[in-house]
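The same chain A turns up in both complexes below, where it pairs with chain B and then with chain C.
For the complex of A and B:
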């Protein structure tokens, strides 16, 4: 007998507000995803996995409005040569985007994968999301699979000469966007994917990434400055032997952000690094939820998350390393740290290790602290004014996460955004 | 240069008085040494002069060229020309040594209304000064003091002093943790900075540092006061007989 879901009413209300696109070959995957949503129910306050983050505004039938933030600053990564794919409030904009042509990669819009008979895409859509529902349920990702209205399928067969840049503009105060991207990186292929922009008033984004043996994916993301925006994102990554996945996220604003990363290392000698830096001020709530499964021998995973919080901002980290039986020689590392710039802010962390193999090295650590007074005095005693010294120490705190970005030029623009944030808050 | 009158200091959190009326006058171009047993208040004096939190001045004054030091923030004291070489230099992960020094040099110049040094000027200056202290390019790039040996940390303090060109240098047990060769190197660095416009206050337990950095005046500090002052021979007396005789004589 099926038990009634505690959140059934809210789930049905949300489902009524959505229409499943008429999407041909993904129809089956979408319907299966819808059944998963109904079975699981959308997250509610009592769900253990949502203990530190209230999901109400992420599951409500209507998206809470969010003012569009205007400024004259060029958007991030503007100075980089890249292939631009632009979405405005969750709708692909052919005019703002480049031609989707680049050597070593094939890019199609989600709605075209059926008519073009793109097999890999049909076989990936919703698959990693469905795998990622165990052992922890992620109903918002299933909702995304069922109702995504746009997105791209990126097939990487070589080493494209420039990054693929997904740009998310926010222009409507009431937009409620659901995007779903799928990425397949073939054997020995390598690509960098950039994502930036506030996207919508409420943004539900899912990316499924399948990296074949020896493939490499670099992912660098910055979530836009529109303060009132809300976002729930999922990245599902499956990795073959010697595959490499390195993902970094910068968040400098947003009233509510929940970023989930679900990584499955299924081939030997694979390397996965997920990291993030966030800086929050006031009614800022930022949640990094990471689940890394080691299911092969001699793999390495790293999680490095740093949060700077002030004026009542909240940071959340839930990170898990699951080492399955037989995943010997696993090297798992996890660190989550917060720098609290006042007494009103809070950091809630739940680091977890679950290990079923006996020859592994796994470590995790989580700390929360204020600016180091001794270091501050040392800098001031050399003539550095207090505010500058505090900024130096704040950037130094974030550095360990930013250093996870391999490309120095990209790391530099991330640092300059962090400096801008500090300067704005003087 | 530096003038301290009847300085009384207690810990902010406790009632315990640590400095009990220190009087000291260091003239321009002179090297003064302060010696004294553990717990006599030598390091406290250096911290209070540089503006560290946690201490409360209950009485007395300290001025640098007539400026009331006690009214200034630590960074303002630095810009006014005061420098403290720390007994335990602080490790700062994530802040590059070179970046830190350039920020400090230019912050001080800015505070004094001077033009900031360009990257090229700064680089030229620091390379020459680092070379004299046998500090290699790698140490300049590394985070401040992180992974430095005891000797490297102290040399790094002297490099900062050379770059910041302060008027009044306080060396707090700069000899602690140094082997003979390192002490020689550090002393040479200090001696190279001796100048008629620059004064030093050298705090040490041992006479041997003063073999290398020759003081003009030696003070003995005990129980929060300067109990005896004299020439360099006073340091030799301490070396031979310990503090016992001097303290007995004073009492």
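For the complex of A and C:
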């Protein structure tokens, strides 16, 4: 089917503003991705998958400028022992980064994977993204594969002693960054990947994760506080037998965020947990779009998303569990909840199930409402001032999502950030 | 039913459920009536639209209305978003108008109607006699006479055959007749309300219906009147290659009440047939409308041959404050179902309810659900949907709950459960939830374990184990839905009561 004219025009405009890096061995994958973009067209307002989020500023040729937000708060995770990989406005900064040496893991820059002839990387780059284009199209991810200017290839073969921390600094008001990371976790290997920072005025990030049988990946992300930043991120994860993938995202501020998670459970007994907490105030639009495919027996998936919204903020959740024929004994769970702190904010949700196997337990729930007056009254009757009580109940509401983080120290850091946010908004 | 017999049923789904679904899968209404028919030429174009209008002896404004709809229809595309797949429909390879020859001159009373037609309805269990006892309803003779009256409007292919109890209803001030009659006899009412709930350009099928609808039912209940009996329309498709396009318009004026039932069947044929209906309901202040459907169109054979393509637009507009509408549907037929009975809750304190049991078997596909659009303050809605899928069938719940910024203090509760019997079928849920104010509460759930804790506690206190207690509460609830149906439909639907909801998925 031919593309609608507006989509085609917008797509061509965007493409003329980009140049494909001279990328050697990823060239083929990039060219294939480019033809996917041309075929699909970049998302437009009328696309069903973008029903609740306007994609225009994410696809425009020029990135809308975003002021750099200065604050004296230390960067998140700074008190943790970790291997730092720093990108400034989407460009790798060797000076700010640690040596990319750590036992049990091999880290290379994307542009080096060819000269070092790293086979696994060539076989992964753009592959999971291409798989993830069906049944729903994700043109921004294909655009990323074609034009990514930087990124890392992380090969986990053992159990590194500390987390790998990707830090995204935002310094230029007009930066438009496209990063693409690939991660391969080998059999029984285990790694924790941290991501934080606002990254750029406009950030398009794609991460492809391939977890072999028995491998484990923990992912904790905090998207930076710059008010005017925009981000479209994709995580494509393929999981083997008994693989474990746990991902949590904290979002505070940001005028527009669209986080897509595409998880495919291809081996039996795999476990995938995807969760997120977001707090938005004012000009804030946050969209979590999750697509989990069960294609093996006895797998478990969980989606837990909580959103606190005020002063006209908008929260979006589009979640889907697809259980393919034969994926028996699937345990799928999905919950999306919003707490609307005032009458101007809104929550838009589309929690979907598509099930082709009969011996499964899948459930989903979605709720939206204000702070529970009875609970508030209870706390006040015990002498807690209204503002404190509201904060307590808000934190309690978010707790279910934060509890998805296994590492208690990391969870504590997230909770303290949420407390700070509440305190600032008094 | 071979497909179901060979199916490995997983533990936890009891035999009763399987049998009940199997029973539903054998189509009892597949015979046809051999009767001389009169057809309009095949296909649809402005001339056919004019012809239908002419056959119904319609005034000029109605013809124009239809032609405008047709003009619009040629400009819109068939929707493809539903999870249903079927070969492309050739809209020019259908008859849009078919009526029994004997109906050429409209019979003045039921006595004059062709006995063959009466026999058809008799055989379907819908006697077109103003009799007190409903055929096939055991124990009905013990009920008080007033409680068992049902007025029936019978639609056969493109025309209404007759309407019973018209005189008695007239005494109460209720108008119940075919829509073709209403256009002639009550043009002001029709003009005022037709197309105000489902506009001409609403969607592909509704627009087509607006252009070519041949008949249907019309109900007007005046202010303060409680309709003295149940009203019902029975749709029968008989002719081959013929689409049925009926239009129903129900107006419940201030403080009135009416319960309306709809039933439908069709003969067993190898080729698929099209059915595209529009139902519009207007509910004024303090009025209440109950609309119940047992949809039992021919579902096609086990290989997916034949069956009815059922594309229906049903919508109720709760215009007045404290108005109330309730949709109850038992969907067992049709090869393809595309149907979303909706409520627009415009008046403050208005209420909308949607209860649905959708059963698909063999190659059937159903994409059904509801839309609850909350516009007024303190509006309430409840959605309960049970989907059961067997054989190679696909069953989708698709719904929208929308709380507008002005719909303060509104409530919605949604529960959709699905049950799969066999591993070749599918069950899907596609809910859209839009909350635009914070004083409203929206809850969407898809789990069977969520029965009322108090009731559970009560049962357990009396010595039942947890499972028994849950079964009792869930079955009790299911019965409530079915009992909301009128008696003659309850008979048909009763076989479904045995279906337990154990082993459900959300």
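By our rule, the second predicted complex is superposed on the first by the 420 of 426 C-alpha atoms of A that agree within 3 Å, B and C clash if a C-alpha of one lies under 4 Å from a C-alpha of the other, contacts with A are read in each partner's own complex, and residues count from 1 in each chain.
Methods note: a contact is a pair of C-beta atoms (placed from the backbone, for glycine too) under 8 Å apart; a residue touches a chain by one contact, two chains touch by 3 or more.
All of these numbers come straight from a predicted model, not from anything done at the bench.
Undergrad: Looking at the overlay, does A:48 come into contact with chain B only (first), chain C only (second), both, or neither?
TA: second
Undergrad: Output check: A:357 vs chain B and chain C. Expected answer is one of first, second, both, neither. What do you get?
TA: The second partner, chain C, only.
Undergrad: Touching A:393 in the superposition: chain B (first), chain C (second), both, neither?
TA: Once the two structures are laid over each other on A, A:393 reaches chain B alone.
Undergrad: Can A:346 be said to touch chain B (first), chain C (second), both, or neither?
TA: second
Undergrad: Return the chain, chain B or chain C, that is in touch with more residues of chain A.
TA: Higher number of touched chain A residues: C.
Undergrad: Is A:374 contacted by the first partner chain B, the second partner chain C, both or neither?
TA: First partner only.
Undergrad: I'd like to check the shared interface: which positions of chain A are touched by both chain B and chain C across the two complexes?
TA: Touching chain B in the first complex and chain C in the second, no residue of chain A appears in both lists.
Undergrad: Of all residues in chain A, which touch chain C in the complex?
TA: Going through chain A, the ones touching chain C are 48, 325-326, 328, 338, 340-343, 345-370.
Undergrad: Can you check the complex and tell me which residues of chain C touch chain A?
TA: Touching chain A: residues 10, 81, 83, 405, 408, 418, 420-447, 505-506 of chain C.
Undergrad: Please give the residue numbers of chain A that touch chain B in the complex, ascending.
TA: That would be residues 373-375, 377-386, 388-389, 392-393, 395-400 of chain A.
Undergrad: Which residues of chain B touch chain A in their complex?
TA: Within the complex, chain B touches chain A at residues 50-53, 73-75, 77-79, 83-84, 86, 89-90, 92-95, 100-101, 103-105, 107-108, 111, 143, 160, 164.
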